[in-house]
Every structure is written in C-alpha cells, then in structure tokens.
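In what follows, chain A forms one complex with chain B and a second complex with chain C.
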Partner chain A sequence: MSTVDVNVNVHHLTRVEGHGNIVVDVQNGELKQCELQIVEAPRFFEAMLRGRPYYEASHITSRICGICATGHATASLRATENALGVEVSEQTELLRKLVFHGEIIDSHVLHVYMLVAPDFFGVGSVLPLASSHPDVVKRALRIKKLSGDLCAMISGRHTHPIAMTVGGFTHLPTIKEMLAVRERLVAAREDMDETISLLATLPWPEFERETEYVSLQKDEEYAFIDGRIATTDGFAYELPDYRNVTNEYLVPHSTAKHTKHNRDSYMVGALARFNNNYDQLHPRAKAAAEELGMKPVVTNSFLNSGAQAVEMVHCVEDSIRIIDELVDRGIEEEPPYEFQGKGGEGVGSCDVPRGILFHNYVIDDDGVIQGANCIIPTGQNYGNIEADMRALVPQILDRPQEEITHMMEMLVRAYDPCISCSTHFLNVEFV
Partner chain B sequence: MAENGRPKVAFFDFACCEGCQLTVVDSLQTHLELVEAVEIVQFREAMTEKGEDYQIAFIEGSCTREQDEARLREIREQADIVVALGACAHIAGVNAIKNVQPSLQDVREYVYGDKWEQYDSYAARPISAVIEVDAVIPGCPIDRFEFLDVVKKLLLGKKPSVPDYPVCVECKLKENVCILETGGTCLGPITRAGCDAIYPTYGVGCLGCRGLISNPNENAMMDVLEEAGLTVEQLMSKMTMFNAYEPAHIGEAVASPAEE
Partner chain C sequence: MEGGEGEALPSTLVIGLGNLLRGDDGVGVRVAEALATRDLPDDVEVVDGGTHGLGLVNFMEGRQRVILVDAADVGESPGEFRRFTLDEARLLGDDRHLSVHAAGLRDALLLAQALDVLPDEVVIFGVQPANLEWYSALSPQVKAALPDLITAVMTELNQKLGRREVWPKS
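Let's look at the complex of A and B:
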C-alpha cells in the first residue's frame, strides 16, 4: 500500500476562459477527491431570452462567449430558422461556413499558441516568448489576424458578429475583399506547415484513456454546422433528439451541469470531430495528422491540441475552396427575411471550436421567445475531464507534487475549457 | 510604478464573456510593443503568474454576487487607477436583462430548477455601483483602438475621456444610409459614439452597447421607433438589451420577498 499524500489545490486555473479550480486529494496513496470545480458566476442567458423578439436571440447569445461568439450566433440562428421554418440560400450557407472556419482558426490558434504552448516552453504565458521566440509569437499573431480579418470581412468583426441575421446576412463581402483574403490564406499554408512542425517536436504527455467521442456528422463534408449527432460508440441521433445524448445532471461542486450518454462521460471538441470524421479532412490536414502521429481513434486527451492544429490546416484549405466557389457564383443581394406570423420549436446545432453546441428555442406566433435551452460543449466535457483526472493521478503519484499539479493543469487546459460559456446552462424543460 | 519605470497592470473579470480581454490580446497583432510599455502582472485568461502589486486595474464584467463585491474592493484598494473594460463593467450590459425579468427567483429557477438557491446571484450591476471607477472603455466588446488610446493616455498621465455625442455623428461621417430611413430600427440617436458606427455600417441598427449619451431624448427616440413599427414590447426589448440596468432594480431585487 502506497503511503503517498498528494494535495493539489489550484485556485483559479489560468490560461483558460473562465473561473475553475482543480482539487485533488490523495491520502495514503488512495484518491479521496478529484474535482474540477466550476466557480464562475452564473449569467442565466436562457431565462433572459424569454419574452424577447426572435431576432434578438443571436445578438444576445453571441455574448455568452467572446471566443466562440460566431458559433453561438450560428447555432442560435439555426434554432430560430428551424423554429420558424426559414430556408436559407446556398450563398448564405457558404458564407456561414466561411465565417465559421474563421472562428475555428481564430480559436484554435489562440489555444494552441497562447494557452497551451507556454507549458512546453516552461513559461507562464505567451508574453516572455515574444522576446525568446519572436518568430513563434509573430506567426501566431499573423494567423490570428488573418482569421479575425476573415470573420470581419463577412460579419463585421469576430467578437461579436454583426451582419449575421435570421435568413442570411445584412452585409455582404465583395469579390475583391474575398480575393485579398484568399491570397493571405494561400500564404498561410507556410505558417500551417510551421505550426505542425512545431507541434510534432513537443513532448506530449503519454496518457491513454478510451472514451466515447461525440460530434456532428454529415455525409458530404467534415461537419461544423448542421448534420446529425454521431458517437464513436456507434450511436446516431437527429438534432431534435439531442437530449438523448446530453442527459444533463447536476453536481454540487459546479455551477455548470455535467452530461453523460453511453458511458459515465463522453468527450466533445476537435479530437471528437477528428475521431468521428477523419475521412472527410482535406488531404493536407490528413498529412498534418500523419506528421503528428495521429490516426483515429486517438485516445490521448492531450492531443486535442494536435487535432486543433489539424483542423486549422483543414479550415485554411476549405476556406480557399469556399472563396473560389463564391467568386465563381458571384455575390448576390438577397431580400431580408420577413416574419410570417407563425412560431414553432427549433433546434440548432454547430460543432464550435470546443465541441458540439445546441440551442433550442420555442417561439410563439408573435415572434416572441417563450422558452430557450442551450447546451454548451465545455459542460459536456466536465465529466470526461474528471474521469481523465481520476485515471491520470494514480499513474503519476510518484512524481513531485508540483509536477502532478502542472500535469493536472495541462490536462484540463487540453480540453480548451470555456468556463464562462458553460455556467449559465442547465437542462430546461419546456412547459 | 515598477522599478523599470513601466506601470504594473492587472486584468480582472467578473460576470462576462471575456471578449473584451480577448480584444486586448488581439490588440497585440498590431501593437506588440504594448508588452514593453507596461508590465502585466496578472491576467488569468492569458498567464499563470499572479502578482497583487499593480497600479492600473482593468476590470471586465458585471458584479452579480455579494462575494464579487469584496474582491472589487480589494482591487480598488490596491490600484491607483481602475478602468471599467466594456459594457458589462460599464453599464451591466446584457447581464442586466435578468434585472427586468418578472422576478430574479424565477430567473434562477428557470436555469437551476429546485437547486436554484445553491447558485448565488443578485441583480447585475456595473462595477461603478460598488467601487469608484476612474475611466471607462465602453462597448460590447470594446474597440481595440479605443483601448490602445486609453492606455496611451494613462501612460502619459492624462485622463482618458469618451465621446459624449451620438453614434449618428460617426454614422454620417461614414456616409452610411440611415437605418431608420430604410425601415430598420436603430438606437444611434441616443447612444454614445466611439465605435465608428460599426453596427449601421454592417446593416444593423445600433443596439446601444456603449450606453446612452448624457442628454438623451429617450421619449423622441421611442416615438421614432414606434413609427418604425415596433410594438411596445419590442420597443422595451430594444431599449433594454444593453441598457436595462437602473439602480431602482437593485432596490427591488433586495426588497423582493421572493429573494429572502
């Protein structure tokens, strides 16, 4: 029997979005407590949507998250459109995919370079790297500026998007603007190659724990918007049945709800998408995965950051393809959507940077929102993060406490948790 | 001041989306030299180090819990200059929508069910309702160039100021077609400028995220919106997306027997 005592208490984990604490308590080699405590102030978005006109929902809910604002706006618009029976044009679909790719790149570059990389360089933030590794920092900022400019070209800005509205857009990019961004995307291939080369050299912690991976899936493409819900345990659901997957429940140490499906927990995010939809990645993205030694099913949660880098490569290539298609078709002004006096219930889903996101609204015949439910990726990951923590702690008990603490922080950070997103949501039953 | 002559700066956040702090990070894309001009000692979203010795505090987010008040007072005690960063800190922003729902208990129950009492929350308020604030950077999110401008002024020892004229002024300078003329609705006439009229420029009427100018003609604004076809409910919604906070609501929330 081991006599090891370990007490990890990270009060406010850093380099993540929002406020969370890590608590690990090992007494005489026995794991007594292992929690990711969520202490973020709740914000009650679902309750706030009630009684407000349908067209405000995407503007209000984009404020859930500064990082995935475009993702929330898109899921919100899809929920509203499904509730009101609105069909969108191919042009709108293409532009939404394009702005979504911008957000995926923007969020992933932030996570990989500014939040995760400092761990491998032995520093507390990206700031010291500006002088010690200026090329790395400048590359990160260059990619981030490109993705931000891509978003701004379509929706006005990345945080919070302006021109995205029910049925389409209130502002359209010009061919000239798109071609200028296309040129920068092509040039960014070099930055993508460098990113993959850098990640291939990093000593990723060795840790394997198989779990169920949940993401959107489509027949025709690597899914980010719409589709069906798929899991690596072989389940598939249509979007309106999302509650069959999420099965939310409360835990006392968290202001965010946990979820489970076929097992005690499941994982969502870049690694889940990679594991479910690898075949649909762009060939360059597959080559990047190979360079990182990743082939599905990857069961090392730390490699979520690797999957993010692979997705960045995919999104750069797919953005070039979409721009070519839009330039070919030409951009057309479209008449704005007009409310038809008929409400309904709708579910919208996107696989945002941190994983699958659901918005579900009930709208009445006056166009007023009567009920809202949102289920956030990070909330779905909490159960799996804690399961990983419980599996990892016994494997590293022989290490110094400081190192155990650091490994726990790195593990949680690998999931790219968006804590302030996850704290205002609970299962809401419509009455 | 730090020994190297650079002021020590810290970032804090309360109830918010952290989009304003992200905008700060984004300002490095064009102004990487910012990290040389100041010494950042605390910025939880971006760095592990946590220094409690700082002169300038940027605070994002609204105060929504009693426990937040103590932390805000600590920050005020330490910092020479406190800057409210963004709409949530400046005017309570979207967080205050819950203040105008029928009751706060109802809001808490809707999200947390029968466990609602476990999750502390009171009516959202701007940080100026708790501590004295020296400067504000309005907006949801902040404009990165306005942020840089405020930092520059603070480094020069000047007091930053915000425009006190409406968004319409900037919108006209951009030669936009007036949203109200095209059948839309817009709060530009009563909302504080400084965003370069970004909403109307992208085809959406102003939502009022920078707060109202100091002499807004709200009645005339409501008349205009009614003429544009908004129902009373839609009108109230429009006026309260970012500007729902009123000190009176705090009193109501505290006095409400349901909250006891």
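Let's look at the complex of A and C:
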C-alpha cells in the first residue's frame, strides 16, 4: 500500500469560473492533498443589498439561485420581518410552509433522480438514463411538475416567488386550486413509494464518519422555517446567535469561507435534519426511512440522498395536511404591511434543500438596508466534504484510479453543493 | 401557473433565461419581461425561465414550438446575437455534473430530446455577453442590442403565426 500514487483532478465546471474542482494527491500511499476547490456564489451579497429599500431584498436574493429561490426569499423575509418587528398571520405561515415544501420536493427530486441515480445505473448522466429507463426519468419529471405547480399556485410564478412579500402575500391561491393540487399530491404517493423502492435497491457505498449535524429545530414540527439552531453534539442556539455556530474562516484553496463548530467541521442538509428531527417526520416518511435502513444517527454522507427521499415523502404528506387546514380555515385577504418608520437588525433562517441558510440585515429608520450578511448551506459543508474525502481516500486506495475518482465525485455530489447556480451560459459551436 | 392537468397549453412558448444578478446573463429574462408587456396572441406564452435548468423540460413538453433567449458564447462580438436551430449548432458542455445547479439549457434540451418530448420547432436566440460579474447591470453593448433582439423575437413569432404586424405595446 505504501507505494501507491493517486492523482485525482476533476475540473468539472470549468466553462464558467472553474467551480467545483476536486483535487486529491496521494504519493507513496500518503495523502498529500485533498481539496474541494470552489469559487463561491453570492460573494457580493452585502453590495447587492446595501442602500436598497427593505421590500426589495427578498426579490433580489431570490434571484441568487434558481433552485433555492423560495428558500432565499423566505430567509430574506424572515430577516426583514425580525428586523422591523413584523408579525405574520397564521395563514401566511401556513402558505409559506406549503410553498417551501414544494421547493424541497422540487430540488430533492432533481438531485436524487437526475444526479445520484445515474451513478447507480452505471451511466454517466441522466441523458442515457432517459433512454434506458424512461419511466424512471418521467416519474422524476412528473414529481417535479407537481412541486413546481404547487410553488406557482402560491408564489405566482415558477422559480422566482414574486407573490411573497414582507408580512404576507400579494396573491393568494383559491380553494379550488388547492384542492386540485391536493388531489395530485395524494396521487403522488404512488410515485413516492416507487422512489423509495428504487433507492432501497441501490448499492449505497459503505462509508461511516461521525461528525456534527446542524439544522433548525422546533418543538412542534419538522423544522424548515424558523426555530432554533440544534446540533447532534447537543448544542442549541437562538437564531441571532448564528455566528456561534458558523465561525467562518478562510482557507487558501477556496474563495469561499469554511465554517466549524464543535469539531473540525459539521454537516448541514437533509441528513442533518433527519438526524436532528427524525421524531417529527410523518409516519409515512419514517416508514420510508425504515425501508432504506435509515435510523438516526446516520453517519454515511452518501445517504444524504436517502434523507432527501424521506423528506420528499414527508413534504408530500405535510402539504396535504396544510392544504386541509387552509381549506378548513378559508383563505382571507390580508392588509399589506405598512412600514412604521423604525428600523432594526434581524436574522432570518430557513433549512433549505441543501441545509441551514442565514440572512442577517440591518435596516435603518428610512427602511433602507445598511448591512447584510448571508451564509449559505454549501459554505458550511465544504469543511465536512473535505473531511469525508480525507477519511474515504485511504479506505479505497487499492481500487483503480478511475474508481477512486468516481467515488470522490459521488461523495461531493451527495451534498449537491451550490456551485454554479450563477450562470447557465450556453457554449455553442455552429455546424 | 404552468398549465395544469388537462388544460390546453399555448402552442408557442417563449422562454427568456438567465440570472438577473449577473450582468448580461440576465438578457433573456429582460427580453421575456419586455414581451410580457405586449398584447400577445392566446397561443403564445412567455415565461421568465430564470436559472431553471432541467425543470425547463416540463415547460417545453406538449408545445409545438419553443423560442429560447439566452446569453451564449456564439462567437460574435458582445451584444451581437444569432438565431439558430438545434440542427445548426452543437451545444457544448459536460453531462457529468456535481450539482443540479450546473444543469442548464443544454441539459434540458438534451433531456427533452432523450425523452422524446422536445417540441417540433426549437429556435434559440443566443446573445454574446460582455460581462457576467455578480450584481452588475447589462453591459452597454447588450443593452444597446436589446431593442433589436426584442424585435427579432417578435418577428420570429409573427412569421410563425402568420402575422405581419409587430404587436404594439399594451
């Protein structure tokens, strides 16, 4: 073993800014270098928001990411509302939870089916999978269409939730629309069952590494919006103290800051939520977890994708419950929020598909944003991804280099990092 | 809301793509915004596709034609644009992504093709960007090209729909 040399150098997304490079260097069996090199997205977060009126923040930040647009909008609104002392109605809370569930399903289904599944079917991407297993890919798109329609019903438009605003919504769904979506959610149980059955057959890589898992937590429900920050090492913090958890620091090989708390690194995302909040999952979601052989604390990072599937089941069930509650209560028009001439500082947090997200704003008495900070989930996962890589490489050194490279890619992919949401620039060659 | 179950979809879909926070990358969205203010025929729908990636497959399915507007490296000077069909171009890229964030229009088109749900007609307006910096505005070159680009897309629509006039601003 001591003479093994391995050199993994994956430059995946070089077409834009060289995002997401994996570098592993083993000389004579000794691990010399093991890095995930990332050029990170919202680098100019503060510059984007400083000097802008408070009501623009959610619309600007929802454009940071096409996958987590609702997540950014919600964290932004909560930060603004906490800064300005705005109380929102129960109806608004319910609608926000519902649209958030839509985004969780939307993002998870893409990740599980379009990125993770092809690895297990032995194909390089979802494209050959669409030819060899069209039913699988069509199921994914069917689920995605439902979640997209659920989001659009509430937030008015796909990807960028224009109807979500400080204090509530500028557009409300009708009972008829909600019941139509409810019917499709009930029908989607079959697709959920198929999803879990499919994942249960996949040969998940065997890899265990204990780490600290960080997520939101609430007493009353499986937390996605608000709550406290909880960790599997037994710590809990209120949202304004988020910096006690994130402790950002710089590393030479990445422009993105890393974070750490009780250990050298921590993990956020579906698996972290699963590990912290398992008890609050819907019974059907717990049954799904059992089928996947998952019981907290799960320490195999590859199973983040399993936790995503479990959360999809939970969100389908909880969406049905929320719609029932909304239909029961009836939907009421609410007066729009009016600024009271008093600013302040506020932190908003949501557990978006990839993990806990923080927005923190300082707003002056004219309603203008004077300071802003944002910590995204992937930034918090970098350190943990690298720690996983350092632990995994020595265990698989005897395998062919190609396989080692593939395992490294699968590992990074399990976290579904937010790397280049930024541009979807086409590169064209004319024939 | 995207067409629900059983509803007839407008046969022609225009999708403007890109990230408004990244300079010229947002040009497609600007075109979509401009078109949305026009008095459009019932069989035309305009969508701000943002950075939607693979989800675009669901928008395209069931349409007769789709017209896409996006920033693209089409080998021209900044601000210039090219109209092309999929037969006329190869969309370059890597299929093996580490993240769903990396999937873009190219992937959506290829996936729609693989699933046999790609509309019969796909026309792309690719605009050469000058600047993709975070939180910057459109470059002067792309901004100057915007009226011509909007006219080109409307002309395309008029031709397809057998109409001669360019729709007035509503």
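As a working rule, the second predicted complex is superposed on the first by the 407 of 431 C-alpha atoms of A that agree within 3 Å, B and C clash if a C-alpha of one lies under 4 Å from a C-alpha of the other, contacts with A are read in each partner's own complex, and residues count from 1 in each chain.
One rule holds in what follows: a contact is a pair of C-beta atoms (placed from the backbone, for glycine too) under 8 Å apart; a residue touches a chain by one contact, two chains touch by 3 or more.
Because the structure is a prediction, the values reported are computed rather than measured.
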item: Chain B versus chain C as contact partner of A:81, first or second or both or neither; value: neither
item: Touching partner for A:56 - first (chain B), second (chain C), both, neither; value: first
item: Which superposed partner A:212 touches (first chain B, second chain C, both, neither); value: neither
item: Partner chain in contact with A:153 - chain B first, chain C second, else both or neither; value: second
item: First, second, both or neither for A:46, with chain B first and chain C second; value: first
item: Touching partner for A:64 - first (chain B), second (chain C), both, neither; value: both
item: Touching partner for A:191 - first (chain B), second (chain C), both, neither; value: neither
item: Touching partner for A:250 - first (chain B), second (chain C), both, neither; value: first
item: First, second, both or neither for A:130, with chain B first and chain C second; value: both
item: Where chain A meets both chain C and chain B, residue numbers; value: 12, 15-16, 19, 41-44, 47-48, 60, 63-67, 69, 110, 114-115, 124-127, 130, 137-138, 141, 144-145, 148, 157, 159-160, 420-421, 424-428
item: Touch list for chain C against partner chain A, complex; value: 1-2, 4-5, 17-22, 25, 47-55, 57-59, 61, 70-75, 82, 84, 87-107, 110-111, 114-115, 124, 126, 129, 132, 134-135
item: Chain B residues within the chain A interface of the complex; value: 14-23, 25-26, 28-30, 32, 35, 40, 43-50, 61, 64-65, 68, 93-95, 97-98, 101, 106-108, 110-113, 115, 118-119, 121, 140-141, 198-199, 201-204, 207, 233-234, 237, 241
item: Chain C-touching residues of chain A, taken from the complex the two chains share; value: 12-13, 15-16, 19-20, 41-44, 47-48, 60, 63-67, 69, 106-107, 110-111, 114-115, 124-128, 130-131, 134, 137-138, 141, 144-145, 148-149, 152-153, 157-160, 177, 180, 184, 409, 412-413, 416-431
item: Complex interface listing, chain A residues touching chain B; value: 12, 14-19, 41-44, 46-48, 50-53, 56, 59-60, 63-67, 69, 110, 114-115, 118, 124-127, 130, 137-138, 141-142, 144-145, 148, 155-157, 159-160, 162-163, 165, 169-171, 250, 252, 255, 368, 420-421, 424-428
